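Here come two complexes built around subunit A, the first alongside subunit B, the second alongside subunit C.
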Partner chain A sequence: MNTTLETSTNTLSAKEPSWLAERRSAGLDQFKKLGMPTARAEEWRFASVGKLSIDNFNPVAAPSSATLDALTERSNLVSDRAGLMVYVDDAPANFECIGSELAKQGVIYLPISEAVEQHPDLMEKYFLQESTELGSQKFFGLHAATVKAGAVLYVPKGVEIEKPFVNYYWTSGSRAAVFPHTLIIAEDNSKASVVDIFFSETEENEALNISVSNIHAGANAQVFRKVVQDWNEKTVSFQLDTTVADRDAQVKNVAVNIGAERARFENQTRIEGAGADVKMYSLTVAEGTQEFDQRTFQTHNAPNAVSDLLYKNALLDNSRTIFSGLIKVAEGSQQTDAYQTNRNLLLDPSADANALPGLEILANDVRCSHGATTGNVDKEELFYMMQRGIPQRVAMQLMVFGFFEEVIEKIDSEELVENLRQLIHQKFSGKIS
Partner chain B sequence: MSDIDLQDQAIQVDTEKGNFKYPENYEFDAGIGLTEDTVKYISDVKDDPDWVREFRLKALEVFKKKPMPTKWADKDLENIDFDKIRYYLSKGQQPARSWDDVPDDVKETFERLGIPEQERKFLAGVEAQFDSEASYSRMKEDLEKEGVIFVGSSEGLAEYPEIFKPYFGKVIPTADNKFSALNSATFSGGSFIYVPKGVKLKQPLQAYFRINAENFGQFERTLIIADEDSEITYMEGCTAPKFETATLHSAVVELVALKNAKIQYITVQNWSSNVFNLVTKRGMADEGAEVKWIDCNIGSRLTMKYPGVVLKGKGARGEVLSIALANDGQHQDTGAKMMHLADNTTSNIISKSISIGKGRSTYRGQVHMPKHLKNCKNNTECDALLINTNSRTDTYPAITTRGQNNTVQHEASVSKVSAEQIFYMMQRGLSEGEAMSLAVNGFVNELMKAFPMEYSVELKRLIDMEMEGSVG
Partner chain C sequence: MNHSLEVKNLHVSIDGQAILKGFNLTVPKGEVHALMGPNGTGKSTLAKVMAGHEDYIVESGEVLLDGVNILGQEPDEISHAGLFLAFQYPMEIPGVSIANFIRAAKQARLPEGEEINAIEYYKELYAKMDALKMDRKFTARSLNEGFSGGEKKRCEILQMAMLDPKYCVMDETDSGLDIDALRIVSEGVNLMRSEDRAFLVITHYQRLLDYIVPDVVHVMFDGRIVHSGDKELAKELESKGYDWVKEAFATASA
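For the complex of A and B:
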């Protein structure tokens, strides 16, 4: 294992409180102690772990101010927003803080380092407290040891914010390792939305991303998180996300995944309060030799709650996707509704879609289902359109875009939806024959 | 009748069912534990040809090297102590040819099992395995005339090596898993069947298996070869007397369906609830052939069984229909594997499980379609019914799809018997137990139709017995 990733943690601020230093050192221990994933591990089944390497990636120095400015300029997917943070290689590039009105209501929107300084109690309670259980514990350890960039959003009780907070995480330097972190704490009866966007400066700069995101939704809180992952295809990415939902909380996660050479997603939802409702939607477009490895876990520890998951993957060329999901309904979590759907659209014969939809049900009064389908575009539908004079290529495109729409329309922001359609269509348009 | 009352009432099983045994007077006994000597001893008793001896000894080496499937399997597996099991036991009988030759106590066992004389006549042939050796074997003359071979495993390998050797251990290699290796080293009993080209058996062949010695593992080995254009249905049913310490049952069943042949293999498993039932079953389907597993698991302490079909030839079809019922202290870990290896192959898996009390049922499945294939289809449906508040069910499918115009669909659902349904039926004069039984039978009814008539009657009776007194 490359040693510079480990030693880079020593350069962190000495001002950090002891609880954080402890969490970092525990993380580092975890990173060192655990081996790299092996193909035999059930959590990594079907993943091409042999090709996984994090060697020779390092945290890099802050880019030049010209680069920071240029990338800030390009951070323009969402113009109507409550706040903005832009990081390049984990260095701050731009920060639009919240207006005085929100500040007066007690809303906090700060970079991680400032939040640790200004709100140590809050951060001690929530920061780095949700590891992953889905196989990347080693990489979570490295993240905990190293994280310095990221956004903290705290919304106090009863405060409702309509406009989204937008965080951009860019990579730029050669073989840069980045560890972005988004922490969202929505207190009871509050409302907030966040957009996290992952971009690369060029098509060429190689990078390693190990990002973590935690959502804590209090009683009856509403949280909407949108994630756009469009790394270049030289990036190795881990996104380790956890949502914890309290009583009657409503949380919606929508992810659009386009980029990275290999991208691993670990998306955990833990329902801790009765009546919570959590949605997990994802759209992935895979091409070339990309590998998208999605692991999800819906845990129901409280009754009367709903969780609904829809992961759609379109596969081109020699790309691979792995969807491995588990719904776990704990004893006593009666009247649970938990759903899990994985749809794979195979557009080339050598693309490879794997599905492992799992259920573990320990309560009897539940409605749980999962479905996984894999197939090509419907030949009859294609024929129907061609009969009406639409060229085959165009008909194919229409059907594929139609497949995407089910997830895209859930994003519920016209500007972002339009921008995403463009990103996807760009990637796609030349590909369908 | 409140919802809570309904859910929390304990479910009682008729534990006396199949709970009987007879004095043991075994002529051959390989002792306790598994060593090279045990395996050699079995070979000596069986008078194995040299190549079978070597096969067994090699398998023993593989067995010793293979790890237990601890990664995902039930922790209960760790309770198997391989050093405390008897691996071979036999009355040293040659398979009996006529009913008069069958010992009286065996006849009595059949009486208790409810295999009536008429049924025996109805069935084309009966191969009843009493302990590890086929104690009774009869085939109607017309089957023999058609060239059908229906013998025990030892007889098959010794007398018809030219037929069985090419396929023996080929569908399920020794090293497939630890328990297939164990079986390959110690197998005795089971059925070897060859159906010649174009012969379509109208009546099913049937075998009953029993375990009747404490701590005695039964390692039967079955190989069915259906030659081109032939058809066969084979039924395997079992109940076991109850013993106080756990018993291991680890069978290997290989099916070979050559071009356009059809094999249907039906199992009703009702071992007593101290039996570990760890079985490897796999069929190979050549061009245009069809292999269908109909599998019903009601008994045992832990069953791990995932019947599979290797769809090797174009247009081959594979099917697994499965019913599992898990009561208190039971784990039915069942499923199916479909390996598509040729174009235009189709597979269908329908699994229904019922968990009662603290019972746990698990579906594990694998569907594999590699990239060079075209026009393959798989359909998988898993439905689970949970009867009590602390019943448990899991579903763990694994699906890999590549290639052109291949489609895979998997659906699973979990439900319970609704209080309204029960209330409705009770209002109309049914007892709560009857109502529950009716609801459960309704849940599996659709699958039940796939079983031959006499089996579905027997199954319905078994389910009724399990549900009797389950509530109220």
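For the complex of A and C:
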């Protein structure tokens, strides 16, 4: 176990309110008490847990102002936005706060530390109150004990904001451990959009990420969260995300996953109000020896609601993906529509895609489906494209982009879509030959 | 220079079974030749082998475009050399729009570093779609995905028109078409007939040849051409049926 990580938590809690100090201390206990994942645990089935280590990563000192400025400069995937926060190794690098119009309407967009100081009641109600229960509880504990960087977005009743809030979380220092946090609270009839972006400064800086995001969508609220994960391939990453949807809330999550040596995703959606509609879309490009480990849980605790999950993975080289999803429909949650689909495209015979879809249904009037498919590039499709004069490498790229189009088309920003296409392109350049 | 598509003594097998058994054919530029024959006689194999499909084993022989052998080249190289194959069953490519697909095919013909002119490209694309009575909205649709049989074949002709090949091989383009679609597709082909281009129209039915009138008709049976004649041969074939071919030529080829 890592002692530096623990001591850094003690200094945080000194000036903080007691409720937060308690949550940090409970987190630390949880981190210490629980063991590292084992291959025997169902929640870690197929994952290469033997190679999983969080030792030797530590919170690091804030980078030089030159680095902060340089990375702020590079934080440019989305130019038309309502607000921007940039963190580097969990140190604040830049903060474009909201305009006076939104502030007047009661919108809050603040770094976590300031939100705790200025809005203690709100934070006590929501901060660190939701966690995934899909195997990474130990890491959530460490996050709770350590978190200091992150964005809080609060949108009051009836306020609709079209432009997105953009949060950048960079790593830079040697063997840095980062614990970014995004908290989104959308009150009844409100509308908000957030983009979370995870980047590394270079291809070489090793890092550990344990990030958490929590979405609370009130009655009839609309929340759209886009996540771009493009860590370098020396990063071990845990993204632990939850969504709680109240009555008639509409929540859409779109994730684009490109980076990290090993990336674990836990996504837990709880539908607590009738008529809610939650969409979870994800696309992943895996190459080299990357491993993407995706665990999802859709819970329906209310009737007439929809949840729809689509995870698409394209695998190159010796990369691996694991998808394990569960839908649980509680008793009384009649007229539920719950879907779960995992599609894997193997571009290389030595790539390895694993799928474990699951259902648990306690209501009797529901429509649920789950399915997983894994397939290779269709040789006849390739021949068809090449007959038109398209070289094999370009044809493969077109097919992969075509495969992803179903997810990419869900993203509403043309600029972001174009930038994501570029990122995926870069990953492919020279890869498919 | 020899301005023709020439197939010389072609022997092809798949999984150890001989399909083409000494196939010979010459289609000079400016002409339209029809290749007819019963099912299972090797017509589609010929088309795929010429296009460079990797599943077939060429035992011997040559396929020459303007005197240059293309056998052994990659499918995209053969395409660049000027051969276009209109597929009997065009593939559906999810998520790849018609506009992007044809654009990639045209881009691949440009020298390194040169970019296609988007405005000119769309102008040309729309004009050719109009000629084929295709809705312009189709450009944004995924290639062939959910298309009707007629739409797929029109899309093949659109690609052929956009890529301007010297040699067009059309594999059973008429199958699955109603008369209206057949007329539109045939008009598209007839517009492309020129002194600089040759067509090999593979079909099972004479009907297509009422619309695309061939200069020469070949009858194929058991892996080779057994009889050739003018357009009247197609009508004779239609009235006598393929059993006539089998009876007349089975002994000859045995």
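General observations
In this text, the second predicted complex is superposed on the first by the 432 of 433 C-alpha atoms of A that agree within 3 Å, B and C clash if a C-alpha of one lies under 4 Å from a C-alpha of the other, contacts with A are read in each partner's own complex, and residues count from 1 in each chain.
The criterion applied here is as follows: a residue touches a chain if its C-beta (ideal position, glycine included) is under 8 Å from a C-beta of that chain, and two chains touch if they have at least 3 such contacts.
None of the values given here were measured: they were computed from a predicted structure.
In the superposition on chain A, A:G389 makes contact with subunit C only, while subunit B stays out of contact range.
In the superposition on chain A, A:G375 makes contact with subunit B only, not with subunit C. Look at A:F401: by the touch rule set out above, it reaches subunit C but stays clear of subunit B. Touch criterion met: A:I361 reaches subunit B, while subunit C stays clear of it. In the superposed model, more residues of subunit A are touched by B than by the other of subunit B and subunit C.
By the touch criterion defined above, A:D121 reaches neither subunit B nor subunit C. Looking at subunit A, you'll find residues 379 touch subunit B in one structure and subunit C in the other.
Looking at the complex, you find that subunit B touches subunit A at residues 3, 7, 71-72, 355, 371-372, 374, 384, 386-416. If you check the complex, the residues on subunit C that touch subunit A are 51-54, 74-76, 78-80, 84-85, 87, 90-91, 93-96, 100-102, 104-105, 108-109, 142, 159, 163.
Residues 40, 42, 45-46, 331-332, 334, 344, 346, 349-376, 379 of subunit A touch subunit B in their complex. Taken together, the subunit A residues at the contact with subunit C in this complex read 378-381, 383-392, 394-395, 398-399, 401-406.
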